[in-house]
Amino acid sequence: MKCSFAIALNTFKETIRDRVLSVIVVFALAMIVASLWLATISLEQQARMMKDFGLTAVTLFGLVVAVFAAGNLVRKEMEKRTVFFIFSKPVSAAQFIFGKFLGLALTVFLVVLGMGVFLFFVTWLVAGEAAGSVLLATLLIYVQVVVVMAVTVFFSTFASAILSSVLGVCIFIAGQLSHNVLSLTRLGDAEVLKVLSWLVFIAMPNLAAVDAKPSVVGEGSIAWGHTALWLGYLSAYMIVALLVAAWVFRRKEF
Amino acid sequence: MVRRILLVLIFVACALVVVGYQATRPAKSASSPRVFVPSAQFFTDFSPSFRTTIADAYWLRTVQYYGEHVTGDRRFDSLWPMLDLVTRLSPHFVRPYRFGAFALLEAGRPDLGYELLKRGHDANPNEYALLTHLGFFVYTYGSNPDKDVLAAEWYQKASELPGAPDWVARVAARLLTKGGERQKATMQWAQIYGDGDQYSRDRALVELDSLLPVDPAARQREVAVLAEFVPPYLFDEFSRALLGGD
Amino acid sequence: MNEAASGLSALAVVDLHKEVRVGFRGRKLEILRGVDLNVDRGEVYGLLGPNGAGKTTTIKVALGLMRPSSGSVATGGLGRESIGYLPENPYFYDYLSGREFLHLAGRLFGLDRRQRCDRVEHLLDEVGLNDAADRHLRKYSKGMLQRIGIAQALVNEPELVLLDEPMTGLDPVGRVEVKRIIDRLREQGTTVVLNTHILADVGELCSRIGILCRGRLRWQGPVAEAAAASSDGLEGFFMEVVGREV
């Protein structure tokens, strides 16, 4: 574990220095401009629009930062040959993969939380609503983003950085449409198709099972029991993805 | 040096072309009154996580669409589909029901406005404003001979909801009177006296004075019945005002 | 990595073959074609050969960075926690300072905080980088990078040190310092395997050498014997051995 933490800390230092936190600044500016614009065209629904569009922006910005950093995470070490430095020491592939992932997860946490906190304060100041639910929704968005990041890290062990990132985005979209795949498993008579659909359903992360955004704007509320179950499922999914990534990476030669 | 100057000149020339082209584009013409609006089911099937965001985006589109056409060709062919989409994707988003009902009225479709309000009430039973709008629609555009009483019922329900202002109950009572429901009207006014502020009490007394029988005995009997609707600490004053004397 | 082959042997390579696949069609390329070499504990062993001979590949297989296609490599029972490695043309994390980088190396070896602090300060002093310890590695010259690279290879006080072209990019002062470090390692009983092109250094530092050419070990033995075998000394002997295979 010590090795993983050492690698995590190093990865955190590396990604933070990559000026990734400037995403928060871009987000902040976009939110300020958007809030002024929304005030004029939403017929006094500024608070709702800011929260809803703001959380969507947090998701998209967070996703972009996560998948593009994750796609490059392992590839960069190999291209820059720092893998020699790492693996000449008693570090296993699993420790390396988990460490890299943890470091990036911490960076992405700061980025996503920064955006969420900013959204909270802007909504409060501009629209007069102190919506704590925005912060809660931000945390749940972070969980989704981090799961996609884990899958992207898996792709990055054998694919190029760009391809891994694109596949990560595809996984995010597929994860939002998980229930559609479930429907496919029940369609038609061909057993092979049903089995294949079921395998795809299992392989894709179910990211849409819990969505906090509607509750932020008054559409329904969060079922905490189900949310806890979902978080447990996603944690297990992440671990599986990272272990598979470690297994693939272990077979690599440098 | 010459190359540098040339590069700067090329840059300036191209920048001028870019700015010039964009600056001379004609203003956006009003959109067609018919726009493509997918069904709510499409979004429900394909994007459960972003339903409210899509609803909000279409809400903004609806406001722009209405604004363009109410000042332009006054054709609102796609207004109902847009409002339908927004409210199906986000049933607890109240503003579209309220704005949409009156926009549909403007579009010459009070029937759709009424339907929209009813849907809004079903999804948001505690929003008093939707009920007052329903009452308004029934009273103003209904063809039922009992529309006054029907409208009064909506207002009455609205007055019982949290946050409903005092005038809602008064409107219900006036409509009951207008609809010939004297007894119901008196009960409503008595309720208003009991629940309302000073202005409401003053109004209630004026209305009750004209609704209650002139005959003192009959008046006394009816005032006694109204005790049910007036708190005990107010009833003495209430009955003195209507019956006169000590 | 396989376990100990001999109590006296720090590195025992037996009939090592290594193939890789290159190009679009995955054409097989044989890098090592049956390497047999032996490094005794406590000696400084020079691994020589022209470019592409397979020296770096042999080292990587010894470390487990590559897997042998056949044959075996034993490191005298030593695991990676007891081995230090300086890669050729090292690239490290340029956003870290020299001190931070050595601390990272220490953490990866599992050293506790106190051990790490002592070791890092000692090594910074040993490689002459005290003044530059808090500067980012991106600001280091090639020679400084080489020295910090040697330092990270020694963080764990290894019993076996594999140095791949340690003199690359060093000025004469740097080269003297590195030679001093290698001498000290030998005095401490540490086994050193030195991959190098610079025959003059080999003559000064190494007790035995192995000459690799085209994936095979062509000659192995004491430096003195090699130097005496040619009228042109070690260089002449090397050219004869390698020349035979060209």
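The first chain written gets the first letter, and so on, giving A, B and C; residue counts start at 1 in each chain.
Note that in this section a contact is a pair of C-beta atoms (placed from the backbone, for glycine too) under 8 Å apart; a residue touches a chain by one contact, two chains touch by 3 or more.
Note that the structure is a prediction, hence the values are computed from the model and not measured.
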Task: Would you mind naming the chains that touch chain B and likewise touch chain C?
output: A
Message: Closest chain to the overall C-alpha centroid, by per-chain C-alpha centroid: which is it?
response: A
- prompt: How many Å are there between the centre of chain B and the centre of chain C, using C-alpha atoms for each centre?
  reply: 82
Field: Centroid distance [mean C-alpha coordinates] between chain B and chain A, Å
entry: 41
Chain C partner contacts - residues on chain A that touch it in the complex: 2-3, 5-7, 10, 13-14, 17, 80-91, 253-254
Message: Show me the residue ranges of chain A that touch chain B in the complex, using the header's touch definition.
response: 38, 41-45, 48-49, 52-53, 56, 176-177, 179-180, 207-208, 211, 213-214, 217-220
- prompt: Which residues of chain B touch chain A in their complex?
  reply: 45-53, 56, 59-60, 63-64, 90-93, 95, 99
Query: Which residues of chain C touch chain A in the complex?
result: 20, 60, 63-67, 79-81, 83-85, 87, 89-93, 95-96, 100, 104-105, 107-110, 152, 156
